[in-house]
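Below you'll find the structures, each written out as structure tokens.
Below, chain A partners chain B and then partners chain C, in two separate complexes.
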Partner chain A sequence: MDVAADVFSYAYQYFDNIGFLILSASGLIIIFGMMGVINMAHGELMMIGAYITAFSYHAGVPAPLAIIFAGIGAGLAGMVLERLVIRHFYKQLLSSLVVTWGLSLMISQGFLLIFGPTILNVPTPFGNFPVAEQTFGIYRLVLFGGALAIVAGVWAVFTFTKFGTHARATMEDPDMADALGVNTRNIYVLTFGIGAAMGGVAGGMFALTATISPFFGINYTPLAFITVVVGGGANVITGLLSSVMALASVQTAVNNLVNVYVGYIAMMGAAFFILLLLPRGISEYLERRKIRTERKVSRSAPA
Partner chain B sequence: MRQHSVLDRYLGPLNGPHTMGRGVAFWVGFVVVVAVLASFPEYMRRYDIINLSNFLISGFLALSLSLIWGYCGVLSLGQAAFHGIGGYAYGIVALNLFNAHGNTDIAFFAGIVVPVVFAAIIGGVMFFARLRGVYIAILMLVVSLLIGTFMRQTADPSYTIGAAYLGGMNGLRPASVDDPLLPSLIFGLGETVIELDGRRPAFFYFVLGLLVAVYLGLRCLVNSSYGYWLVGCREDPNRTETFGYDVRLIQLGVFCIAAAIAGLSGVLYTAWGTYIHPDGFGVAPNILVVIWVAVGGRKDLGAAIAGAIVLEWVSLRLAAEGEIAFLVLGAILVGVMLIAPNGLGITIGDYIRRGHDRAIAWVRAR
Partner chain C sequence: MLLDVSGLTSGYGKVRIVNDVSLSVEEQEIVAVIGRNGVGKTTLMKTLVGLIRGLAGTVEFRSQDVTRMRAAERAQLGIGYVPQGRGIFARLSVVDNLRMGEQIGGRGKAPDYDRVHEYFPILKERQAQKAGSLSGGEQQQLAIGRVLVGHPELVLLDEPSEGIQPNIVQSIGEIIKRLRTEVGLTFVIVEQNLDLINAVADRCLVIDKGSIIARLDPAELADPEIARKYLAI
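Now for the complex of A and B:
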């Protein structure tokens, strides 16, 4: 019975880590894949979401609605940033990195000045359930479910809607899409807004478990970045899922064997190792392999 | 044109296309600026001189980032890590050897060599794996944050290295009451002992002299053929490689040189305040270096130093106004990136150059 409990504990932590990484990275990967901009202020957009959630919750708004408010607020903030600053830095990776880092500094310091170093936390809902003398929080499973729902939602939007088709066309070839009548300017603003809103929702969901402070963001930005880079930009969904699964398995194993600090380092090491083997990320490799097998199949088929 | 040939004869290696300012006017101005700085201890308050020493120390860090980012195109968001490593290396060696040697000669060099070794290892892996620029930038930030996290949890008394106790959040300190305190720079050359206390003008003169020397040395470097390799790697790595240069080795080399300069700034900083602390590995010091260099002008060594000194002065003034310093610095960074993407120093320099050329053309036309 101890073994079963351990297995359950491992699985629980694994899914917890997966949910954490998906939530941190999902908004960032869209912005990176779409505009070739690394948004160092993504963690601060999450922080804005967390603040909106906390304030709405304490004003009497139910938590799910508060998280939706967080998404709307962060999305609007993201669209403003895009119009004012970020649009000048498309496809300039290093400059975009520096300028968004400056934005992140401004946002976090601004929040520090306005709201002070800490605000009232939001209690974690749903309570716990016991498995063989250990207790597990139910909310963590909700986070995991929420992460999957976000990925599914993004996939649906980018696959089935007209906006999604236009967005993918813009991603492929902005000039051609523009020539064919797609308003690429609006597409950029909206995509950035969606990415920011996803960050806001993620921040809102984390607000229910983490301490909220102006420097909330820095806990998430590097991890989100590593996840995005390991996933690669060739296919947003497969990249995100494969990268998250790989990194979370390393993290879970080392967390249990040694400690959280070494687990973090091991995850960075694993990310580095994957990049050595697949410099453009996992999804690029998967796409290439898919094309190769398709070719083989078509060649071996009788004429 | 006679004047120019004299200039070329003595300043030839210092002048070239990769640094701003090569005429008589620039060098006269340079000498005047250095002379004015050197005269400060004569009439300024001691408190201001101590602060100014610190600003000059920041100048080294700005030089190191300008060299790798501005000249070689390798951005590191974790340049302060080398500063911290150099500072800790200096402190640990100084605490251990001070009683036996009575000077900090070996510690001074350890503070430069240890960051270089660290840079050689981590840079070797990164460059030979051909990681793309953004990954290197973020990876260096992560490395710096991880070192900081590790150093912060070293409050446990078991974290001692000889006479040095890492001390966690309290910073580096002696392991026991019998061990010496963290010393300022004390050079011993045979019988003579030169003591440079961070609070005295002698330390200021030393830092100023060293900064001028490193600046001039780097000017020679970036205007030599090595400088052309660096700029080649920045502008088009593939073409540089096609011409037969090993881009990875060039990048690794310059990464190590930059680490040495950042380590030197760490040594001077630790000796200046006889204090080194894990916060030096955090986000704030790393972003500050990027702000100085981006605002001053990454593609010119002098502009980067000017950016560091001016912005350090600005943050000191703002610190008196409450906690708005970082907000203002972030706004300055974003504003400058939008208005003058190459940095204010370089934009102003270009204006001066154009005005100067026009004035000369006007004089010739008369």
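Now for the complex of A and C:
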């Protein structure tokens, strides 16, 4: 029985870590992975989502709806940022880093001035369930499920819709997409908005587990970047999933063997080694292998 | 007159690459633009498509002034572009690449995949594959097929023979002629391959240093003296 409980606890932690990483990175896979914008203010978009969730919840809005509001609010904020600031810095990696870092400071300090250092938290719903001697939070499983649902939704939008095809083509070659009649300006705004909205939803979901402050975002931005870079931009979905599975397995194992701090460091170490071996991320490697096999197949097929 | 260009000047920043070019193209004509490397042929094409803003002059398409229009608007009016290097989206599947052409010639019209598959059956066979895995010749067919999914009236082809086996160059030439008679398309083709020019073009414009310096009959290029003079081959 003890062994079974330990196995369950291990699996629970693994999925908890996966869910955490996916949610942290979910918006950034679009904004950085697909669009190539280093948005240091991504955590602040998540923070905006957390504030909207908390204020809506305390105004009597049910939590799930409050989280949807968070997505809408952060998405709109993201679109405004794209139009006013970000669009001037596409393809300028260092400038976009500095500019969005500045934005991140302005947004968090602005929230500090307006709302003060903390606001009323939102209680974590659903309570706990016991397995043998240990108890586990139910909401953590909801986070994991929500993370998977977001990934599935993004994949569906970018795979099956006309907008998705236009967006993928625009990110690969904006001039060619333009010359084929696609309004690339709209594609950039909408794509950035979707990434920001996903960040807002993630922030809203985390708001139910964490202390909400103007510096809420700082907890997530570094992890989000590491996850996305390890995954690579060639295929953001396979990249994200392979990256979180690899990183979370290292983190969970070392957490249990040593402790949480060493686990965090071990995860960073794992990211470092993966990038040494596959500098452009896991998905770049997988996609290139796929193209190579398809090429072989089409050569061997009768013409 | 389908395309009417007058005094067109363009370039990058303040560097003028295309200088005071005037030309006009009738419906269902095939016009070749020839010249040595680096004389501004591709820049001219990009300016006609709208990817580079003209610094002076006008571009009229079907008597409508499109000089100030973005590339996307021109495409929706019916200008199809097949760039040098083919410009396929390597990470998208073949069929997604074709879908990208649906806007050409007006978004209201239904895309015509049957027509594309009739001219380029290989694209149906390979439709689920990533476009980056196609051979050079297949990619060229995809780039032309992508334009044909929509309803273009004018197709701008930039070096369609580049990096392609001679027998496929020949079949692309055949298809260009068929598209003119069967679909009623008009072509402006930048090309260095004299065989292809001879096979398809009604007339040739020779460009040097960004300006049109001669207008030739394609048959004249058979004279090695003339070919050497304008193309340095």
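Following the convention adopted for this analysis, the second predicted complex is superposed on the first by the 292 of 303 C-alpha atoms of A that agree within 3 Å, B and C clash if a C-alpha of one lies under 4 Å from a C-alpha of the other, contacts with A are read in each partner's own complex, and residues count from 1 in each chain.
In the analysis below, contacts are C-beta pairs under 8 Å (C-beta built on N, C-alpha and C of every residue); 3 or more make two chains touch, one makes a residue touch a chain.
Only a predicted model underlies this, so the values are computations on that prediction, with no experimental measurement involved.
Colleague: Just chain B (first), just chain C (second), both, or neither: which does A:114 touch?
Modeller: In the superposed model, A:114 contacts neither chain B nor chain C.
Colleague: If we overlay the two complexes on their shared chain A, which of chain B and chain C does A:3 touch? Say first, second, both or neither.
Modeller: In the superposition, A:3 touches no partner, neither chain B nor chain C.
Colleague: Touching A:183, do we find chain B (first), chain C (second), both, or neither?
Modeller: A:183: touches chain C, not chain B.
Colleague: State whether A:94 touches chain B only (first), chain C only (second), both chains, or neither.
Modeller: Touch partner of A:94: chain B, not chain C.
Colleague: After the superposition on A, what does A:102 contact: first (chain B), second (chain C), both or neither?
Modeller: In the superposition, A:102 touches chain B alone.
Colleague: Please indicate which partner A:168 is in contact with in the superposed arrangement: first for chain B, second for chain C, both, or neither.
Modeller: second
Colleague: With the two structures laid over each other on chain A, which partner does A:225 touch: chain B (first), chain C (second), both, or neither?
Modeller: Touch status of A:225: first partner only.
Colleague: Please work out whether A:268 is in contact with chain B alone, chain C alone, both, or neither, and reply first, second, both or neither.
Modeller: first
Colleague: When both complexes are superposed, which of chain B and chain C contacts more residues belonging to chain A?
Modeller: B
Colleague: Report the residues of chain B in contact with chain A in the complex, numbered from low to high.
Modeller: 69, 73, 75, 77, 125, 129-135, 137-139, 141-142, 145-146, 149-150, 153, 283, 287, 290-291, 294, 322-324, 326-327, 329-331, 333-334, 337-338, 341
Colleague: Along chain A, where are the residues that touch chain C in the complex?
Modeller: On the chain A side, the touching residues are 162, 165-166, 168-169, 172-173, 175-184, 234-235, 287, 290-292, 294-295, 298.
Colleague: Report the residues of chain C in contact with chain A in the complex, numbered from low to high.
Modeller: Result: residues 49-51, 70-73, 75-76, 81, 83, 87, 89-92, 96-97, 99-101, 103-104, 107, 126, 129-130, 132-135, 146-147, 150 of chain C touch chain A.
Colleague: Show me the residue ranges of chain A that touch chain B in the complex, using the header's touch definition.
Modeller: Those residues of chain A that touch chain B are 38, 85, 88-89, 93-95, 97-99, 101-106, 109-110, 112-113, 215, 218, 222, 225-226, 229, 261, 264-265, 268, 272, 275-276, 279.
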